[in-house]
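You will see two complexes here that share chain A, one where it goes with chain B and one where it goes with chain C.
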Partner chain A sequence: MKNKQKSIFIIVFLLPCIIMWLLIYAYPLANIIVTSFCNWNYKNFTAPEFPGVAHMFDNYIKLFTLDNNFKMGLINSLKWVVLTLIVQVPFTLLVALVLSKKPRGWRFTRNAFVIPNIISSAAIGLIFMNLYSPSRGIVTEICNFFVPGSNVSVLTDSRYAFWGVTFSFILYGGTNCILLLTQIFSIDPSMIEAAKVDGASNGQIDTKIIMPLLRPMIGTVAVLAANYGLLLYNEIALITRGGPDNSTYSLSYYIYKSALGSTKLNFARGNAAGVVQFILGILLVGALNKLFRTNESEV
Partner chain B sequence: MRRFLARFFEYFVMLVVLIISIYPIWWVFISSFKANPGGLSLPDVWVFDGYKTIFTSLNIQQYFMNSIIVAVTSTIISVLIVSLAAYVSARMEFRGKSIISLMFATTLFIPAVSISFPIYRMLGDLGLKDTRTGLVFVYSGLGIAVTYFIIRSYFLTIPKEMEEAARIDGCSYYATFFKIIVPIAKPGLSTAAILVFLNNWNEYYFASILLKSKDKMTLPALLGQFTTAYSKNLNGMFSAIIVTVVPTIIVFCLLSETFVKSLTAGAVKG
Partner chain C sequence: MNKKKALSLVLVTALAGSALITGCGSQSTASTDTAATTAATQESAAAESTAAAETETANGELPTIKFVHGYYQTAEEWPAAEVMRQIYADFAELHKDEYTFEAVADETGGEGIYNTALNDLSSGEFYDIADFGGWDITPVASEAGAILDLKPYLDEDQAFKDGVGVCYDQNLTDDGKIYTVREQVEAIGFWYNENLFNEAGADTPDKWQTWDDFNTAVDKLVAAGINPFGLNGGWPSNILTGASLQRNEASREFYQNGLNVTDFNTDAFKETVAFMQDDALGKIDTAYFGPGGDDDNAYTDTFKEGKSAMLFNGVWAAGDAAEVDGAKPAVFPTDEPGKKAALMTGGCGLVVSSKLDEAQTAAAIDFLKYMTSPEIAAKIVEAGVGMAPSTTVDYKAIEGNVTDAAGKPLVEACNLCQSADYQSVGFGTAFGGGIEGEMSAKYAGLKDGSKTPDDVAQELNDFVAAE
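Moving on, here comes the complex of A and B:
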């Protein structure tokens, strides 16, 4: 009797969350995997058709051989992954190390650094779109100050548009900075005191003591940052809409464009790109965890 | 000398952080008061037309209310259903328990954009496309993994004796949870709630694809409209950005330590 009551209780409490998981994650994931092997576009947009085993990989083959927008999106997304790892993560780490010395104003700086991460990235995108605008922005004005007559137009020039999108997010590691700071503050202060007594400089303490102890957290931060780069969408939708000449497509933006953002309604192709994105994400997390040995602690 | 250089370097880094974090928002703020927004200068004449138009003709209050309704409702639903599941998995022994945690953990690897077409079509089938209810439904499910791990780890810190005492006094499982556990777990639940609320308040992608009618849009979806529709009304656009971001910034300034705790918990558990 009592056990039965308990079983019912367990089921009642688990069920809502499991249903939500099924509807929002499990079913859609299964759906995109299955339909990525189908024909499904504006010609038959109510019912995907399976084209037979011989043609089941057509969507993937087309993505990688014919579809220049997909290639552009894939290459850009991978570039953004690399850039977050070589720019955002080191910059965030540097800021965290500086703030961890608690110079005057460190708390204010830390909070200011978080603000771009907690306001809507749609707002950040719109702000940068305006900053880059030649008529009202300031970037063109600043460039003209250094190179008179250069009249840089970030958003209409495919040489600069990629970097325009990049600078709208690449330095904003505020949340990650908090993670690193929290971890630095949890290091036993006596270790650092001992090093100081032995005559170690601040730089030596940072690189020889703090950074090795910080390694798992740096790994976590790298995963979060790289994932953001891989999934980038909002900034592109607000700043460049993928342009000019589709030069700022990302994987996410490609997926949106393939069906909902176009009249061709190529759901199947978009879902195939979604599967590629999903697999890339898993590979990326796996590789970074291995690289940083995130799950092993130094001490 | 070396000491001085190190100091100088520290303040240089902090200055860079302050400029990149605050200046863009400050620039929009100042520009929103200019007759012709933009440029580096301060306004010659301070005008408030942008704010007047967004409150009168654009009716930004409506979008604000939509955002509040959607974000609050989905946060309550999400934290509620996740805390039920997290409680059972933190406290009870049953078959398949580790599978439940694994199921939720896998969602961390599923990009929202990649699974958006099936969700879009499902809402169409349910008749929930272009409704706030549909958006609440999606937001209630997105991000369950992070919420689950934050809340579960908080439940694990509560001593079991509390419930055992309640059970001996004849409390049912349900009463024990709602009357004993929830009040004790408030700090953990609010940590999770802040994070969920922030994500749902800021969410742009699903809002932009699911909502078509203007009167249902949330603030981020409205901002997306400015890239095309209102680009002539520059004052309005700059003012709308400020009205969207300032509440978040004010709340953050008031509760920064709580926020910092939420952000840390969210990322580490995730």
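Moving on, here comes the complex of A and C:
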């Protein structure tokens, strides 16, 4: 009887959350999934039409077989996921490990590293657009210094534009660095002292003690960073608008362009791409959680 | 563990339930015949209209109609905006005893008005009347049955029909409806700096007979160290592409069929792309392919600074041209000796709701007639705002009334466009916004040689197939 009352008590408290979850998360998500199998564009703007079982996968088939912009967006998004995992996460971890030693000026460095993360990505986008501008920016000047007459225009050359977008976010791991630092500072100092007494070097302490203890947090940081790469939109919308020659499309930018970027208003296609992105996100989070065993604490 | 399972089951069931609700909602709507829905909407609107009209008569109040436009700028920012607002205010004053005409400037401009309309359409609403400034709301709004077919009103009034000029044919849909008219059109020839042409010893555009003369003049300008023109990955490049497609009968036919083109792998198109690659992009050192910011307007700036000989922009760039010593308007050559071509797009402008009552609809039609009348046509041309759609406007007669520095070249440019042998819509209207955007993305590759005309044709074919 007591247990039953307890269960009712828990359910009553959970109910508002479940209702909110249904309204603001489950319903829109279900809507996206269902309408991705429909025809939904300017011709039936207010009423998505189910085309029948035989044609319900048409949007997905077109995405993967005919739509070069989607394929470009998918490939780029996956590249950004990989780059965040092999560049941003290790770089952030390295900065956190160095700062955890509290060298001279570590507070200033930590704060300076975090600043880009508290500036809006819109402002960052504008900053990079100006940096890359052949007429106002310094990147072209630097390239001309090393290769006179090269006149590199980062954002207008499809060979460089992808990297131009990448460098606008890849090194900004300030928030993740704070998470890692907090975790490092929560490690029992006696473990590190004991290692030092046993003659362990700083490198050995970092790699044999701190990093294994940090594993779940590194996993969390990897999930956050990879997710950012997968969902990248602001930087592209501001810096390249998907160009040149659509070479910097991302999945998110493709979704916007399909649904609202033309008078065709192809919401169904955009939603199909959204479902693909959602599935990738789920797989990514699952794989990273598994890889880093984020549910198992070492501390 | 069991509780966990039970909670998971509840959440999964809830998600599935949501999906079911979403699907059912769509299916039930989808199963309804579109035509029937439209008819029902119109019937309901008519019933509402009658009821509303009766209410207003009973109350003895004047009908009110709200007009939303994007001319919000101050006179200092854009003098044309003030001219347009005054035109609206004059109309309101003229009819103040019959109805209340409320003109509201939306500071988000045409794009914001378009986006608001999209949101409104989701809930079955629409502006009473709005100026979309080129943002084409008509496909989605007409399918939703939210906007008024203006064709019956145009067909019963010859003066009204004359006033909308090229908009009548250009905005006529496949099912014989006209959902929008405009008081001004996007008329496009180009501007040239006569002094720079003379300096290079090149024939000026008024003497050109064919596109070969264009190529010869460009070569002479380049040889003299003068930048022939500035381009970017969009507007001016698409103007030149559209103009090149007017060169002969085959290319014009391809262009006119633009919205239905599924195969770009044709001689007409590939020759134009080759022209863009070799004779346009290949003749300039720098093309401004920046994604935004002031790089986009650099092609205009170089002309205004006297550093380039031609500016591919509309008649409305008369203000920029007036700042340049020796600037003159011109229209494009064709491959038929002496024949000229201009691009004139009516596009999406004034759109009226289909849900207005009788009195409001009459007021809206009054307003459209007023906006496309010869008086307003003269006013917008004389004030240097733009070109009127009517083909009956006598620009020679208007020229005498123009005192504004930018007004004179504008009138001259309008006259040239009006008298061009071939007049077609702009590239974006001809092929649709999707192809316009895709084509814009190809110019950088054509410039650096990483793309060939065959590549461009194939990529556009792929894009059309994927749509």
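As a working rule, the second predicted complex is superposed on the first by the 274 of 299 C-alpha atoms of A that agree within 3 Å, B and C clash if a C-alpha of one lies under 4 Å from a C-alpha of the other, contacts with A are read in each partner's own complex, and residues count from 1 in each chain.
Assume a contact is a pair of C-beta atoms (placed from the backbone, for glycine too) under 8 Å apart; a residue touches a chain by one contact, two chains touch by 3 or more.
The model shown is predicted, which means the values in this text are computed figures rather than measured ones.
Once chain A of one complex is fitted onto chain A of the other, the partner contacts of A:R241 extend to both chain B and chain C.
When both complexes are overlaid on chain A, the residue A:I178 reaches chain B alone and has no touch with chain C. When the two complexes are overlaid on their common chain A, residue A:L29 makes contact with chain B and with chain C alike. In the superposition on chain A, A:C17 makes contact with chain B only, not with chain C.
In the superposed model, A:F267 makes contact with chain B only, not with chain C. In the superposition on chain A, A:I282 makes contact with chain B only, not with chain C.
In the superposed model, A:T156 makes contact with chain C only, not with chain B. Judged by the number of chain A residues each one touches, B leads among chain B and chain C.
In the superposed model, A:L94 makes contact with chain B only, not with chain C. In the overlay built on the shared chain, the residue A:M129 is in contact with chain B and with chain C. Under the contact criterion defined above, the residues of chain A that touch both chain B in one complex and chain C in the other are 7, 18, 21, 26-27, 29, 31, 129-130, 133, 135, 238, 241, 260. Chain C contributes residues 3, 10-11, 14-15, 18-19, 21-23, 26-27, 29-30, 32, 34, 37, 118, 121-122, 124, 136, 139-140, 143-144, 233, 289-295, 298, 432-434, 437-438, 441-442, 444-445, 448, 450-451, 459, 462-463, 465-467 to its touches with chain A in the complex. Contacts from chain A toward chain C in the complex involve residues 7, 18, 21-22, 26-27, 29-31, 33-35, 38, 42-50, 62, 66-70, 129-130, 133-135, 153, 155-158, 238-246, 260-266.
Put simply, chain B touches chain A in their complex at residues 6-7, 9-11, 13-14, 17-18, 20-22, 24-25, 27-28, 31, 36-40, 81-82, 84-85, 87-89, 92, 94, 100, 103-104, 106-107, 109-120, 122, 138, 140-142, 144, 148, 173-174, 177, 198, 201-202, 204-205, 208-209, 219-221, 223-224, 226-227, 234, 237-238, 241, 244-245, 248-249, 252-253, 256, 259-260, 263-264, 267-268, 270. Against chain B, in their complex, chain A makes its touches with residues 5-7, 9-10, 12-14, 16-18, 20-21, 23-29, 31-32, 94-95, 98-99, 101, 103, 105-106, 109, 111-131, 133, 135-138, 141, 171-172, 174-176, 178-179, 182, 202-203, 220, 224, 230-231, 233-234, 237-238, 241, 252, 255-256, 259-260, 267, 270-271, 273-275, 277-278, 281-282, 285.
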